[in-house]
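Heads up, there are several structures right after this.
Presented sequentially are two complexes of chain A, the first with chain B as partner and the second with chain C.
Right, the complex of A and B next:
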């Protein structure tokens, strides 16, 4: 297991390096002078030159790249041109919120999907199963921002139960933090939960017919108890695969939700940076998003080995 | 000990099993033999309440006098694993790939006995040693894919006998195994049955194998019992035309079965087993049998002296009797 973890970690590092090169390279392939883009087209020539000197944009590209990479490692990414904030510090502050959103909705969706998907599989023949299937289909089709707006208008504005937006940090007020996260997490979980439910359902349908379920019954379990004790772990493997694939769209969803609920997370920061043409901020943020996906991917990779001993054995032989 | 009366198993509109009577005395070993689609596995699974969820079972199945049909799922689950053990055809698929072998055996113990994890583990090691696995202490920590086919089937047998059942149902337990390990498993089943006085219902398509394991045999075709009786009597002097054809078609060990087959090539049974629900009325073997008489369009009566009974309108001549037994 240790060797597998090490190998997965090496893959993570390699992918991160390629990712950073891509982000850095793509932004430099854009037409035009980065200093001009940041300063704006009608900025005086002296100001642009000053910015160019400050950012070191005259240096060869690989010097700039290594400098940026070093900054990422040291946690020093310079300052925002338009707003003057410290980029690395802002990322640190906002990271907690974005990760909370992503991880909480992933967990909620998974828990929901396992419970409902298993139930739907057990009742696949009758009306209950079909009704759940239809509901899941609906959940997949509704756009995330629309669900967010519906929840705000109904639960926050009409009922006044939960705040419509804004965020209190965990350290200041844990209850307030939870209250401000409930609606955004719910919003994110509708789509992801519905997607995962359908996969859990089909994975469980396969498992219900497995011989080892019958063996567990032969030992003295009822069908339901055999599925609960022997089915879920086996069903988790294919569902995890879908979970990995869903990570990208989850982070996109996080960015949308941060805007809808005006939460000060990384998605919101990225949108603001794009709108004010802060190329350097965009570059670092996009890389941070890539890194988050890679790390979550790495964790799921480890989970595979923990869930299925056959995968563990195959990998350590290979 | 096991008494089956008027057992009917239906899947949708089709009746796949129709057995009027089948009994197994305490500690006896019976072979349930037939081709694929004969209903033998469906019969065995119905006894354990493990039939497919789409099947409906009716009639009466009594184990030590207790009616099993109509028990609620929890009560039936309690019967399985205590009074009734089951082992299956494909031991790799019958074991959970993500659970250690020891835990899967221990599960059978802990479901029915209030013992600690540790006691269950000790009992598991004992059980595994009992079924002939060396180094059981190490095996308990392995996963199924790390074991050989024979070891896996022994693990399943250990699971099935964990609570000393009075009846063990073995559904083609050696079919998926290498020829070299088959005999060991068969010997083990006979040994356990003898030592514990445990009844054995041995489901197989292989007459030769059944002959070495069981004392009586029931031949199934089209969901019906064609012929039943002591194993030597049925194999030496088959009366039903289907049994006769089955023995003639058996290669290898089966070939030794019928004295008439010595030195001859085995013969195939004409045609194929009809698909579900399309067996002819009357005798189900009608159409594939070479000895048909007009009466075959009606359900054949139960015939024969003593324990050896069969259902055939035109049976083979009994030993020492040259007369056609048409007018039985």
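Right, the complex of A and C next:
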């Protein structure tokens, strides 16, 4: 197990390095001189030169790259150009909110998907199963930001039950923090919950026909306990695979939802940076988003090994 | 479609398919065994897509009101007033006309992005399937990393340097879809390449290009069609989100995402403005999802059998 963990960790580091090079390269390749991007097309030449000196853009690209990477590790990325805030500090402050949105939505969607997906699999032949399947397809098709807007319209504006946006930190007002997170987490969970439900249903359908369920019942287990002890663990592997793939869309969903509910997270910061063309902020934030996806991938990789001894053995042999 | 579908079954990808023909077999194709050739989801999906295309086409020549006509006196009218079926927005523009023209934008972005990504991705997939072990391992690793990176993130990076716009959105969606298209075509292509008739074709002296075009592509075509429908749906969703964020095509072009983003500030006075563009997006996305899943179910009797057994 330790060796697999080490291997996965090496893959994580390698992918992170490739990812940082890609992000850095893409922004440089597309527009050779980012001083122009920051200053704007019709800025005076002297102003652009000044900016270039200040940001050290005349140095070779790999020096700039190493400088940026070092800054990321040390937690010192300089100041924002348009708004003057300290980039690394802002990221630290906002990270908590974005992560709690992502993790809470993931947990809620998983719980929902396991319950509803199993129910749908058990009733796959009749009307209930078909209705649930159609509902899940609908859930996948509704744009996330629109769900947020509808919830704001009806729950916040019409009924006045929950705040329409904004965020108070946990330390100041825990109840207020929870109240401001309810609608965003619900919004995010619709799409992910629907995607996962369909996969849980499909995995469950496979499992219900497996021989080991029949064997467990033959040796005296009830159907329910056979599925609970043997089925769920087997079904978890394919569902986990989809979960990993869904993480990317979950994190970008978080960014969009932060905009809808005006929450001060990393997504809001990224969008503001894109619209004011702050290359260094965009570069750092996109890398952090990729890093979050990779780290969650890494954790899922470890979970695979724990869930399925076959994967564990196959990998340690290889 | 049907011809390709049956060739997949004949080639043995679904080797266990014929067993499903239990009740009243009418033909060699298992999906006909239940006497229903076109399941309801497929029909619904096709109808939704067809009406969206029709609306987009009509909007090229005719919309109920002028698209750019600003009339601040008649702003925020409720639905069904003064001939405005769905009301007017903050600037007094007719919402029906805006939504009709918005269909164009969604379909163009979805179609262009999906088309380019499928062609490039499938070519990459076929090359990967045909190359040696080491090269295949390397390309597969790169594809795996690419699949994990979401379209929205790519779009934000592109928008920083290229600025917002339709080309930016299409390019971003293509970049994130190519690894996906490549990934789904590698496995099936390798399965086909391992068949005896492919070996026979090579022995006969056929070129790799000929085998790919004549044997592999037709056999994986239906699988790719299913993926294309799902991709189209995903592209429409991504475009809507990007327009909502202000990264899509700027005015005077109409887009559903931006209509929604503009409705946010007046959600108090005109709640219906929040509803209709979202319904339009959902209808088109659902249409493509139903189409993709419907075709998939048609081609994959395995799933139907599982459902029938689970029912017992």
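The rule we apply is simple: the second predicted complex is superposed on the first by the 312 of 318 C-alpha atoms of A that agree within 3 Å, B and C clash if a C-alpha of one lies under 4 Å from a C-alpha of the other, contacts with A are read in each partner's own complex, and residues count from 1 in each chain.
In this section, a residue touches a chain if its C-beta (ideal position, glycine included) is under 8 Å from a C-beta of that chain, and two chains touch if they have at least 3 such contacts.
Fair warning: this is a prediction, and the values are worked out from it, not measured in the lab.
Participant: Regarding the shared-chain residue A:217, is it in contact with chain B (first), chain C (second), both, or neither?
Facilitator: A:217 sits against chain B, while chain C stays out of touch.
Participant: Is A:256 touching the first partner chain B, the second partner chain C, both, or neither of them?
Facilitator: Touch partner of A:256: chain C, not chain B.
Participant: Specify the partner with more touching residues on chain A, choosing between chain B and chain C.
Facilitator: Ranking chain B and chain C by residues of chain A touched puts C first.
Participant: Would you check which partner chain A:286 touches, where first means chain B only, second means chain C only, and both and neither mean what they say?
Facilitator: After superposition on chain A, A:286 lies in contact with chain C alone.
Participant: Touch test for A:248: chain B only (first), chain C only (second), both, or neither?
Facilitator: second
Participant: Please work out whether A:83 is in contact with chain B alone, chain C alone, both, or neither, and reply first, second, both or neither.
Facilitator: In the superposed model, A:83 contacts neither chain B nor chain C.
Participant: Check the residue A:141 against both partner chains and state whether it touches chain B (first), chain C (second), both, or neither.
Facilitator: So A:141 only meets chain C here.
Participant: Which residues of chain A touch chain B in the complex?
Facilitator: Contact set of chain A toward chain B: 210-212, 214-223, 225, 229-230, 233-234, 307-310, 313.
Participant: Would you tell me which residues of chain A are touching chain C in their complex?
Facilitator: That would be residues 15, 18-19, 23, 26-27, 30-31, 34, 37, 121-122, 124-126, 134, 137-138, 140-146, 149-150, 152-153, 157-158, 202, 205-206, 208-209, 244-245, 247-249, 251-252, 255-256, 259-260, 270-271, 273-275, 277-279, 282, 286, 289-290, 293-294, 297 of chain A.
Participant: Using the touch definition from the top, list the residues of chain B that touch chain A in their complex.
Facilitator: Per the touch definition, chain B meets chain A at residues 48-50, 53, 73-74, 77-78, 80-82, 85-88, 90, 93-99, 104, 107-108, 111-112, 143, 145-146, 156, 159-160, 162.
Participant: Could you please specify the touching residues of chain C with respect to chain A in the complex?
Facilitator: For chain C paired with chain A, touching residues are 41, 145, 147-153, 156-162, 233, 237, 240-241, 244-247, 257, 260, 263-264, 267-268, 271, 274-275, 278, 281-282, 285-286, 289-290, 293, 303, 306-311.
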